[in-house]
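Notes to accompany the following structure.
Chain lettering (A, B and C) follows the sequence in which the chains are written, and residue indices restart at 1 in each chain.
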Amino acid sequence: MVNTRISTSGLNLWFGKNHVLQDVNLSVHEKKVTAMIGPSGCGKSTLLRCFNRMNDLIPETRIEGTIMLGEQDIYAPKADVTRIRAKVGMVFQKPNPFPKSIFNNVAYGLVIQGKYSKCDLHGRVEESLKAAWLWDEVKDRLHSSAMSLSGGQQQRLCIARALANSPEVLLLDEPTSALDPQSTAKIEELCLELKKSVSILIVTHNIAQAGRISDYTAFMYLGQMVEFGKTDQVFTVPNDKRTEEYLTGVFG
Amino acid sequence: MKSFKEKSFQSITYITSLFTIVILMGIIYSLFREGLPLFKTVSVKEFLFTQNWYPTHSEPEFGAWALIAGSFYVTLGALLIGVPLGLGSAIFVSEVASPKLKEIAKPVIELLAGIPSVVYGLFGMAFLAPLIRQWFNLNTGLNVFSASVILGVMIVPIIASMSEDALSNVPKSIREAALALGSTKVECIFRAVIPSAKSGIIGSILLGFGRAIGETMVVLMVAGGSAQIPKGIFSSVRPMTSTIAAEMGETVMGDLHYQSLFALAMVLFIITFVTNLITELVFLKRSFR
Amino acid sequence: MNRRKLQNYLGLGVLGLFLFITFAFLIIFLVRMFYMGSSVLSLEFVTTNPRNAMTEGGIFPAVVGTFWLTTLAILVATPMGVLTAVYLTSYGRPMWFVRLVKIAINTLAGTPSIIFGLFGMAIFVNLMRLNISLISGALTLAILALPMIINATEEALRGVPSDFSEASLALGATKRQTILRVMIPTALPNILTGTIISIGRIAGETAPIMFTAATFYSRRLPESLSDEVMALPYHIYALMTEGTHSASQVPIAYGTALILLLMVLSISGVAVFIRFNIRRNRKW
């Protein structure tokens, strides 16, 4: 029996007159990795950014349908956007640590919510860095600039920064596309470890990556959710012809 | 739902922004409030187009034409010197100079912009004017020519830095196209690059004009100060700005003389305001970015 | 072909000549200022009061006056300028209001400084009855500095990559928290550069303080905001145009000008240095 962490029903999204997401239905299961694949411009990143309302930042965005985060409708008029974003962590395509110290990067989410006292903060930062497998590499230089880390380390720092908020869901938007193969492998392994405690939704261009780490796979094409199911099933016996064509490299 | 803190922070930024408009309105209001009453006594036509400026006589006359003309003479002279120097330097730095020379030239030109105008005034008054007097065998070196030289140098950095921006925004492909067609460097610069950067260059010259006509200390110290239409480049003149600066101290608040100086400031403000607006809207298109 | 070649070298030569003349003027100017100024320069010159109707002694009150005028002006103008720039870059609605603010800023930036002086006299000195005082002059200078600080800050804030603000918002920060904790700290070195440059500009301004703050001679230092003050730029002007002992006043004027010049140039030197370091160390 699996629980649903995020579910969308009848989700439609427009950027101005552009109908970017068309009637999307999706369920993200608790403590699993769900991968979203599809060709560029299919709307997978836009969908991902719906889950923490980052699309709010783009002017002339219109949204219909509902997205439930657990019991909560995150597009309800009364919903507190900042609280939702704290509960739904996000890691971006390009590592984007703040030009602050490593410590202050990880502490950022906690500090702005004013929830922690000074010594709690230290513990929580350590915990998050350990969870992101970065602690051993940076424990001696917590107060040096995050900009001095390598690309892969920076991305794991961004993961640690998101984890510090104790999110229920972690959104990863092509997190390895700017990284070398070794750093990529490390982050993939990390995902498998992290799913013990958090639901993960990952957008990826890399089909093989989806196959390696995900439990469920969603295939999107031209703004529609073409297929969604267990990864081994989608990869071996896809229901839709377009899925099969994409997976075998007919287009992409 | 936005919290109280969010809303109040946004309101504060909104109010400070509003303040810039309030200040501008305040400037216009104060100039007109103090200056307009003059025209109850002196007609606009008399003020603008006659040239007897005797504000302290027992029967005072307020013909500002010589002062307005004085401003334009000096400014024109400044442009004749500042435009070739500024534009020439900009073109040389942007198109010809080696990267190393570029790295030196740009801060040096910026340095010129940082010199306070009163120091330019001192230099003009105590160094340049005596030289000019000697060289040309004049009674005084404080005249249109000296003021134009100093003002001209003052506007070099404005013209140079803005037209350098315009030139460096010209795409490389235009230069390559011109050179590939067999033009020499100079032909490429004058027939391909400069025409493409035209509006930015004209904008920079207009800004230089606005700066020169509004400059006070240099003309106050170097232009000589007689309220007459200049007869040549070695005549002494009294531009609007130096009239205001020199005479304001002698006025009593609210008397005709005081009002006439504010009226002069109105004329000056309108000139710079219109110049600015044209520059911004037509040539630089910055306000609507 | 030869004619064109000749034309080419001639053209390049003339362009180079213009740059050379600009350089030459600056060199003559600096040499003259240092040569004439250094003859009266001494520690005593900067730290003592003028004596004997300005024909002897130092310029200490003017140094102090300029320091206070500039400091107060910047303290008033910087927060206002930064907040306005925040509005323009981060809130920026409604659009017509933004355009109006931008036109106002550009107009203020192009307005001659003597007009700020008249405005200060009409509003601060007369209407608000602050009289000719330190505070009237500082407020006038603050208005003069405002457009420079707004423009520099706006550019600095626009230079902050959107990656940073997105990351902050995605972590659950509010817009205000994002601005105060990420945008402004990231843009701070550039904001600082802009502010320092405007310090250099207003420290050298004469026309705006002529009728609002400056006095030719004061035996004592300013003790409160409502005192008249001496100021370096006005002191130079006064020495050159008032008084009757030009033989002894001109060297003092040169000395004062050299002090002002050194102050202003070292201030902009600091700004250039900061900017240089930002460019070198920037990692994003």
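The working rule: contacts are C-beta pairs under 8 Å (C-beta built on N, C-alpha and C of every residue); 3 or more make two chains touch, one makes a residue touch a chain.
Only a predicted model underlies this, so the values are computations on that prediction, with no experimental measurement involved.
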Which chain has its C-alpha centre farthest away from the C-alpha centre of subunit A? B
Top-ranked pair of chains - ranking by C-beta pairs in contact: B-C
Closest chain to the centre of mass proxy, which here is the mean CA position: C
Chain-centre distance (mean CA atoms) for subunit B and subunit C, in whole Å, is 17
List the centre-to-centre spacing of subunit A and subunit C in whole Å, with centres computed as mean CA coordinates. 48
If you average the CA atoms of subunit A and of subunit B, how many Å lie between those two points? 56
Multi-partner residues in subunit A (2 or more other chains touched) are none
Within subunit B, the set of residues that touch 2 or more other chains is none
Multi-chain contacts in subunit C, i.e. residues touching at least two other chains, fall at 174
Contact residues on subunit C for subunit A in the complex? 161, 163-164, 166-174, 177, 181-182, 185-186, 283-284
For a test of understanding, state which residues of subunit C touch subunit B in their complex under the given definition. 4-5, 7-8, 10-12, 14-19, 21-23, 25-26, 29, 32-33, 36, 79-80, 83-84, 86-88, 90-91, 97, 99-108, 110-119, 121-123, 126-127, 143, 146-147, 150, 174-176, 179, 197, 200-201, 203-207, 210-211, 233-234, 236-237, 240-241, 250, 253-254, 257, 260-261, 264-265, 268, 272
Complex contact set, residues of subunit A against subunit C: 52, 54, 57, 82-87, 89-90, 92, 94, 96-100, 108-109, 112-113, 145, 147, 158, 161-162, 165
Per the touch rule above, subunit B residues touching subunit C in the complex are 3, 5-6, 9-10, 12-14, 16-21, 23-24, 26-27, 30-31, 33-34, 84-89, 91-93, 96-97, 105, 107-112, 114-119, 121-123, 125-127, 153, 156, 160, 184-187, 189-190, 207, 210-211, 213-217, 220-221, 241, 244-245, 248-249, 253, 261-262, 265, 268-269, 272-273, 275-277, 279-280, 286-288
